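Two complexes, one shared chain (subunit A), two partners (subunit B, subunit C).
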Partner chain A sequence: MDHSIGLRPPVSETVYVQTLNLICGALLLAAVLILWRRELAAIVRLLVVQGVLLAALAALLGAREGSSELYAVAAGVLALKAVVLPAVLRRVLRDTGEVRETEPLVNVAASLLAGALLTLLAYAVSRPLVALAPSPATQALPVALAVMFLGFFVLVTRRRALSQVVGFLLMDNGITATAFLATSGVPLIVELGVSLDLLLVVLVLQVLTARMRLTFGRTDLDELRELRD
Partner chain B sequence: MNLIAAGLGVVVAGAAAGAATGALAPARARPLATGLLTTTVGLGGVLAGAAALAGQAWSMTVPGILPLGAATLAVDPLSGAFLLLIGAVTVAAGVYSVGYTGPGGRHATDDDAAAGAAAAPGAEPAGQRAVDAGTGHVEAAASRTAQAVLPLFVATMLLVPAAASVSTLLVLWELMALTSLVLVLAEHRLRRSVRDAGLWYGAMTHAGAVAILLGLVVFAAAAGGESFAALRAGAADLSRGTRSLVFVLIFAGFGSKAGMVPLHVWLPRAHPEAPSHVSALMSAAMVNLGLYGLIRVGFDLLGGGPRWWGLLVLAVGGLSALYGVLQASVATDLKRLLGYSTTENVGLMLIGVGAAGVFAAEGNRALAGLLMAAAVLHAVNHAAFKTLLFLGAGSVLRATGLRDLDRLGGLAARMPITTALVAFGALAAAALPPGNGFVSEWLLLQGLIHSLTGTGPPTVVVAVSMPLAVGVVALTAGLGVATFVKAFGVGFLARPRSAPAAVAVESPPSMRAGMALAAAACLGLALAPVAAAAPLARVLQVMPTVRDGAPLADSGVRLQLVGIAGSMSPLLIAIGLLVGTAATAALARWAGRGLPRRVAPVWGCGGTRLDSRMEYTATSFAEPLTRVFDDVLRPEQDVVVTPYTESRYLIESVRFRHRVPDRLEARLYPPLLGAAARWGRWSRPVANGSVHRYLAYGFVGMLAVLVVVRLSG
Partner chain C sequence: MTGSAVTVGALAAVTAQLVLVVGGAPLLAGLMRQVRARLEGRVGAGVGQPWRDLRKQLGKEAIRPDGSSWVFTAAPRVLLASTLLIAAVAPFLSTVSPLDGVADLFAVVALLLLGTVALAVAGLDTGTAFGGMGASREITVAALAEPTILLAGFALSARVGSSNLAALVEGMLTAPGQVLSPASLLAAVAFAVVVVAETGRLPVDNPATHLELTMIHEAMVLEYAGRDLALVELASALRLTVLLGLGANLFLPWGVATTASPLPLLGAAMLFAVKVVAFGAALAAFEVFMAKWRLFRVPELLAGSFLFGLLAVSASFFLA
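So, the complex of A and B:
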């Protein structure tokens, strides 16, 4: 939904659409690569890339709308998702000393296949949404949805606590992207609230990971199986 | 200034102050402070209810208080009747609680119970008991939590009839259930049975709330709005199936709160195990809200329905009345007896409501109005005498630590005032003149009997069901007399059957004052029920299929039925009884004035060395009844004879055990509970502790929802 309100937008239509598609494509690619890579350090780097892309998306929408608030949101997203959270993750990585996601519940080849199916599903289920208000931004909605699905998939199939955090962040990236694309940018206050929540969750998960490592010597989530009634 | 608003303002402010006082005040000041604040809350309810019954109306919307939107309150005469009732019960219970929760006195513990029957299996470790063995004094009912929750409980109870939207009603309903559950559990450290009772009560009240929630949600969705005004407007457009579904669901839900059979199982457990002033509040006030909900939704919001609704309510009411009074007549636990008696009286009210529904569906407004008025009046009467009786049972419990009638006795000499007050309550509960229970049961019977003598021949359903209902009410009344003769005679007269009963002392003044207030209400209702004629007519105006002038006419001291021939004057009956009794006594004295006198034990049959083991006990008194209703009650008896080891002809001991279990509970509930437990065991592997599996459930569930939405969209 682009409200140009009669004025010539600061960014030309073609450039806007091309950049938007590029950013969304790169977002999806990064998500799929996270599924593919098993080096935890590489996965964190991919998350940094996604954070930068999300900030770029917010900035692009800001340029399009001519809204300084969205620039502020972009800066916030960049700081949180490309700097703070990856730093936290690297610290967990350094503390636990686990470098690879060993033995995921679903192997890499099957994961990629599932990723493809989930992406198709995302396109299928978001068609009514797109049809509500067709615009370049909403056309890209399925991508955001697919990123969310991939994040959930990582959450379900990966064993290491750090991978769980990664899956969670991936999901959140998908949700953020959905919010940006569906509403042409979210208000600063909403984004601020969501970011604070996210930071808190990641910090809690970091503590949990540290405790798990202290208790079990590793961070395999299935160690928690004993906790049921 | 609107008196209803003022009254409800007092309720809310009093509850807040009472909760704060209960939570913060030092233990010594707590009973007096919270007791008086609870009484204030009750006075607020009385004020609001009386104003509403006098014809005032009031409504208010508080936006943004509930998560789903605004809280809506409105008070009409029907709400007013129940506000007045609950407020009055609260006043009596509040005054009473000052003494009951104060220092001194004994309360039943497992130790006391163990002396009479075999100890509960797996009795708790002694360390958990907060019992001071020296005096047996326990302050569980005076604990900080119980004292802080009491004002909240009565306030939510008072606000339920004022709720005017589905969400407001449900929130208040659940708050009421929650606070009452906390109060039921107040003495959980003393007796294991309290925990069982709490579990049963929690589960049943939750199931009932779910039924109400489902019913009202279906109703609101179909009517297109959740305020009562929207429901009233939309009810006419509902399909017949939806209306009946809504009615059956809310009947089950509200009925379980009212304690109707077969959803009554929690009532004879929870009401006795709560501290006695809470028992009175639950049994006299809270159960009536079930009746209120049924009338409000069935007759006001849905605006009446087909005849089978009425027949359903009538049948369940008849079953509840009979089963309740039968169990009460064989019960030996005083408070359990009163709990079953509550089921009986709720059954009588349901008979009135159900018959009113039948006649409303047939268009006979005169009878429908009369029967509905009888049901509401019986709710008020029952509240008055049940408050008095539960408070009396609490006084006995506090003085002796006993609830078992077989071990009581001889209290008339030691607790004369309590005995006199309870005697009056028992008279009312037995539905004998000049008690107040008589008036409403008479109205109920008049309505049922005149169903056949009205204009034109009665329909087949009426011709069959109403005589049956008359029979049920008559049998219930008869058994009720036996029940309360037993409760009073065995519990208070004769000689004490145990040491605690022999050393009982009269209750403190505040408890006597609380009981006296309830007794005064009974007396007022018994002698001047004509005063209720005009308010009852206003209550009936709320119900579109019932309203039709006033069912009762106020002709001086006589209670005159309108539309059918019948009148009675409770005042004249009372005066007649009084004069008759005095005349008989005077005559006997005059006739025997010249005869020689000899002082001997009463009922001694010439014997002079009577002891308490020769007395009738509650069990022996009820034995003929147990025998007559053997097929229904199925008492369990076992006799264990233990011979000496040396010779099997020499008997060392004989052990006899007799109990009357709740047969409906024993037959209906174990299969249900077993099925639930099996289902739980069967589904255990689903939750195997793996975080991944839980996440996968969520993921697959989300995808499935998305796909279904996409496919159906």
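So, the complex of A and C:
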């Protein structure tokens, strides 16, 4: 008998498409909820959910391709995005004692409407990309782009240092999802490099936040407007 | 079966549905109050209390404030009639209905809005400060909530290619995998927020309060008494049941009969009752953990549900 693997995909087509769509829908939902919620602790919990979903996406693609490397990527994503980074954020949260994003530059109702526009924009700009190679994974590409745009929006409109880190992480989640969906999984070495960069950035931002709190007593980034001796 | 037998069966189905919804709506309201009371550590008045209240109020004279016009008298009847019409045409028990042509998503939303506007106009008609305040708040909430219902419906109808409610339910029944698709999940979240807003539950409005600063729905109906009040109370219980039923059957359509024969209808009636009771109890339990939001935060909630509706529509076009 033939012992080679991969003649038949291990997951049936309909289950794969359904799960893929469900994961992508949940990713987008979590991103929108991050835009909606004000409590920073709840936002960190939503980031954990997104990390788990991204790991599930990588694992699903791994099962589809029958590749053990993607399972390793999934485990790495899970460890970094669902455990390590949220732990760092929670530590910042505990140290600063800030419970909620008090005054975003754009109020929540308006930013939700902006989120709607950004999602439509993501669909509009990714149409040529999807048309290049239509498959269930690339058809979900607009969702990943929308998560990226929402992350960028959070990064631009929030004032607290922690919220901006959240925006940065949201944007990175979008980029990771785009990579997974567009290429059916990224090589382990690329994912490893990106993850280490990300971890480093968040650690640097944590140190920055701590210094800011020592200097100003709070982490409103508007305090950083003037240069001082 | 001959054509006339089908029609008779379908008519029987509509009658059974009306009896079930009208008889069950006050019981559902009573059940939700009871769940809430128990969770808050109170004994509660019992599930049958709304029916006892209705019977008492129906035996009393309807007192109308001085200077109020026919609008005040007509509003409860318009509200009740429009809600009863929705209860008759919606595919709660069977997708075969002689009123099928009327069971359109847009018609149902228009009927809902007709009732809301009738009550708001009546609130203005009394000329009291509370009536006007309640009317202005109710219309603000309704204006923000109605587009979301339409969007959630669009998301479901884009797949089926029809805005007929029975066709939507049948489309879900033939493709059970759609229940877990992102479009219907997002639409379900949007619809749930709208149900909360439209029926005046927490955190948008507190149905148990008469505190002047916070009430929305109660402020409009403050001047009603006796029979008229009974009509308003019955209509608002009916609205809650109808919206919960629509949500249950559009998003979890299992058990809805596709024929008009008695046995599937009986099963559909029981399953429908179970689904609505489960949703109602869940809503009541959820309310225990919520505080009423400031009025100015309500648009935030509705903007969120509008966004979910929009995402559902775009997901149903692009993802599936």
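List of remarks:
Everything that follows uses one rule, which is that the second predicted complex is superposed on the first by the 221 of 229 C-alpha atoms of A that agree within 3 Å, B and C clash if a C-alpha of one lies under 4 Å from a C-alpha of the other, contacts with A are read in each partner's own complex, and residues count from 1 in each chain.
Assume a residue touches a chain if its C-beta (ideal position, glycine included) is under 8 Å from a C-beta of that chain, and two chains touch if they have at least 3 such contacts.
Values in this document were obtained by computation on a predicted structure and should not be read as measured data.
Partners subunit B and subunit C fit side by side in the overlay (superposition on subunit A).
By the document's definition of touching, of the two partners only subunit C reaches A:119; subunit B does not. When both complexes are overlaid on chain A, the residue A:105 reaches subunit B alone and has no touch with subunit C.
By the touch criterion defined above, A:36 reaches subunit C but does not reach subunit B. Contact with subunit C, but none with subunit B, is seen for A:143 once the two complexes are overlaid on the shared chain. The superposition places the C-alpha centres of subunit B and subunit C at an angle of 140 degrees about the C-alpha centre of subunit A, rounded in steps of 10.
Residue contacts after overlaying the shared chain place A:22 against subunit C, while subunit B stays out of touching range.
Residue contacts after overlaying the shared chain place A:157 against subunit B, while subunit C stays out of touching range.
Touch criterion met: A:128 reaches subunit B, while subunit C stays clear of it. The gap separating subunit B from subunit C at its narrowest, counted between C-alpha atoms of the superposed chains, is 17 angstrom. In the superposition on chain A, the residues of subunit A contacted by subunit B and by subunit C do not overlap at all.
Of all residues in subunit A, those touching subunit B in their complex are 105, 121, 124-125, 127-128, 149, 152-153, 155-157, 159, 164, 221-222, 224-228. Chain contact summary for the complex, subunit C toward subunit A: residues 177, 180-183, 185-186, 189, 299-300, 303-304, 306-308, 310-311, 314-315, 318-320. Residue ranges on subunit B touching subunit A, taken from their complex, read 687-692, 695-696, 698-699, 702-703, 706-707, 709-710, 713. Within the complex formed with subunit C, the subunit A residues making contact are 14, 18, 21-22, 24-26, 28-29, 32, 36, 107-110, 112-113, 115-116, 119-120, 123, 139-140, 142-143.
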